[in-house]
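Just so it is clear, A, B and C label the chains in written order, and each chain counts residues from 1 on its own.
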Amino acid sequence: MALLELAVSTLTQGLIYALLSCGVYITYKILDFPDLTVDGSFPLGAAVTAVALTAGVNPYLTLLLALAAGAAAGLVTGLIHVKLGVRDLLAGIIVQTALFSINLQIAGSNLTVERGVATIFTAGPTMALFGGLSLLYRKLVVALILTLAVKLVLDAYFRTKSGLLLRAVGDNSTLVTSLARDKGSMKILGLTVANALTALAGAVVCHEQRSFSATMGAGQVVFGLAAVIIGTTLFRRVGFVKGTTAAIVGSIIYKFCIQAAISLGLPANLLKLATAVLFLLILVAGSARKKGGNIHAGAAARSENL
Amino acid sequence: MKTKKMIKTLFAGLLCGLLLLALTACGSSTPVIGISQYGEHASLDNCRIGFLQGLAEAGLTEGKDYTVDYQNAGFDDNVAIQIGQRFSANNVALMCAIATPSATACYAAAEDKDIPVVFTAISDPESANLTGGNVTGTSDKLPVTAQLALIRRLQPEAKTIGILYTTSEPNSVSAIAEYEASAPDYGFAIEAIGVTAQSEVTQAADALLARGVDCLSNLTDNNVVGVLGAILEKTNEAGIPVYGSEVEQVKLGCVAAAGIDYVALGRQTGQMAARILRGEAGAADIPYETISEYGIYINSAALAELGITLPEDVAQTAVEAGAQ
Amino acid sequence: MLELQHVQKTYNPGAVTELRLFDDFNLTVARGEFVSIIGSNGSGKTSLLNLICGSIQPDGGDVRIAGQSILRQPEHRRYQRIGRVYQNPALGACPSLTVLENMALADNKGRRFGLGRGVSRERIPFYRQQLAGLGLGLEDKLGVKMGSLSGGQRQAVALVMATMTPLDFLILDEHTAALDPHTADRIMELTDRVVREKQLTAMMVTHNLRYAVEYGSRLLMLDHGRVAFDCAGAEKAALAVEDVLGRFNALRFDCGGEPAPARRAG
């Protein structure tokens, strides 16, 4: 029982944070843009949500507010990078730094939401559908629905004209210019979508934890990158697995790794080291399989990853 | 095929690991107390030590009456969340949460199962919404007026007190508000500088010194306390005394403090937990407690170095915390 | 059609490495002309293409298409009516997208890239037909990732992609240089056929004198930012590789003492 429950709550965490890793997938894998805005837009989503929930806003609506706030953050990073010509890493750092203050300005300080306030996990419509489930499983189901919905929308988007062009930007921006499109605006679009998703992840975490803390964004870029790299490394040889699926699976594996490290009872100071070793094992195991396939596919995979 | 096999092996490995650990947790029939500590930090460690002492004082023996599952989040909010979930999944009898992020995470994880949560080292349980449910604990609200009175005794001529704090820590923000409200009663003005990260603290200390403050007073602000050594180097050079907010800071070189004894705070928390474990009261029935006594701690070496003489009556009640 | 009027371009002005490439450069290309451009490294071939496409701006003078100055148009706008095939086959298409997705992208050039279906099923027979025309069997590889095709196959697809929508200009930037001789011949034949079939105005930079002589209706030899030789029509038709080589060597002899200026791009 304990194992099952632990697996369920860890899986739930993995699914919630997968919203963030899907965002990082867009910037890092598709746009080839190392976006550091994430550390700021994740708590931004939580800050907006904590304030809105406390003010009595409909809990489902807070998700839209968070999406909008994150989109705005991504838009600013994009504009700074494209229009002002600031380097990608720096543009992200600038916005991330600014967001630290903005988040505190929005929330006042670290903020918790009372238990009496309904969240997406406890509000009427959720209870009407899944009221029969315990909170643990209700959280899993709601997180699963949200993440799947985002995944399906993203997958569908990637098949649209705009989606194809977005994929082209990171792949070969020269072609985008040749197609008479401004690659800058596509980058801005990608950053906007990615940070909207990151803020959505922050919002759901806020619903789940009933709290916003200014420091909750620390390390989320690293998490997102690790999740995406783990996922894509695992699935690099499986052509039919979509990038979004890889990002989601990567997020789940990451959270299981952390839980395993906690459960091993390691001293706190060794926790991160143990996590790092686990990632390394996964990456090495993932790339070891390269030797098996034909050289061509191996080379293609190598150029695509890491 | 290979990929599938690989993924299977990976998941199997992860699950086996979890299973093993879950089994070790379920194996014992004695109730488990999950202690979730936010990070490695002298005051927080003292809370934990005191908590265990409190349980012992209440007549509970570790190993016989309870076992402890101690976890430390290493100051990572996301790890704190997963620690809470582990405790909930393992159906611990009680969660002891040290510092606000851990308490918030434990309380959220316990929501489903109504596992009692006992917190400590939280300045403002009201604003952290840690009241009303199956939750109680102890607050480490600073004895601000006692500190102001102490500074007035040691530095009769002083006019301004400088304070460094982290803008995102609600504990610090509320303490600053209290300092500013009470300072005029003791004839002080407050110069506070807020930072957002530990890396900014020493720069902020330079700025405070440049503004000509007569002394510095510390809060229990994690970022500031973390670089206290570096701050003391600067202030000693400038000949400005620094007052601490608890005994550990005085040990490090602050001249004096009217502060909380975190071991005592932990003991008080442990005794509350014992009542809950014995079934004498539910966490919901016990209101959270704020420690009312405070100690005066001094560091004679630091006082002497800065040429501050200790008034006789203060010396009599003060506890020497500096190196002998 | 295309006019370059009094174009000036100096690289690194004021620096030790200052290089005045174009000084009052003039060129007019008529509609339907297929211009082959040759010249040694640093003669200004690639700079000429970049001036037309907008990846570099002239210091003075004007670039006009159909009588309208295009200098104020950003690079991507100019490509509305310009198709370009690059020396590097990887630049003509997206390696991680399939052949089909690449074709669909090219097909939508000049229109809105909205939320409509990226690949329209009705167009697949058309793509197939376009690819079948290459004679490389690519019509059966629609689902293959572009990155796993060979350089020659990629360049062939890039050529089809660049010419799929109506164009004012086709720019061929040493597009056979990275290919093996056999594949290069094949791509060159395909290029010639596409230009004829679609009656395109084309400008081809090449290092291969044989291609410059065999293909195209006009030949331009550049040297140090000026037109050293320009022939078209019957004169061009009668031209032999030896004639061009002779002129080429004569140029080298003329400025044999000078070090060749550093090459800028391409």
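Basically, contacts are C-beta pairs under 8 Å (C-beta built on N, C-alpha and C of every residue); 3 or more make two chains touch, one makes a residue touch a chain.
It should be emphasised that the depicted structure is a prediction, and the values quoted were computed from it without experimental measurement.
In summary, no chain was found to touch both chain A and chain B.
Among the chains in view, A has its Cα centre nearest the centre of the complete protein Cα set.
Chain B has its Cα centroid 32 Å from the Cα centroid of chain A.
Work out the mean CA point of chain A and of chain C, and you get 42 Å between them. The distance from the centre of chain B to the centre of chain C, with each centre set as the mean of the Cα atoms, comes to 69 Å. Contact residues of chain A toward chain C in the complex are 157-165, 167-168, 171-172, 174-183, 296-297, 300, 303-304.
Note for the complex: chain A touches chain B at residues 1-3, 5-10, 13, 100-101, 104, 109-110, 112-115, 134-136, 205, 208-211, 213-216, 218-219, 223, 234-235, 237-238, 253, 255-260, 262-265, 267-269, 271-272, 282, 285-286, 289, 292. Interface residues of chain B facing chain A in the complex, by the touch rule stated above, are 2-3, 6-7, 10, 14-15, 17-19, 21-23, 25-26, 37, 39-40, 71-74, 76-79, 81-83, 85-86, 88-91, 100-101, 104-105, 107-109, 111-112, 127-130, 132-133, 167-170, 173, 196. Those residues of chain C that touch chain A in the complex are listed here as 74-80, 83-84, 86, 90-97, 101, 104-106, 108-110, 112-119, 145, 147-148, 162.
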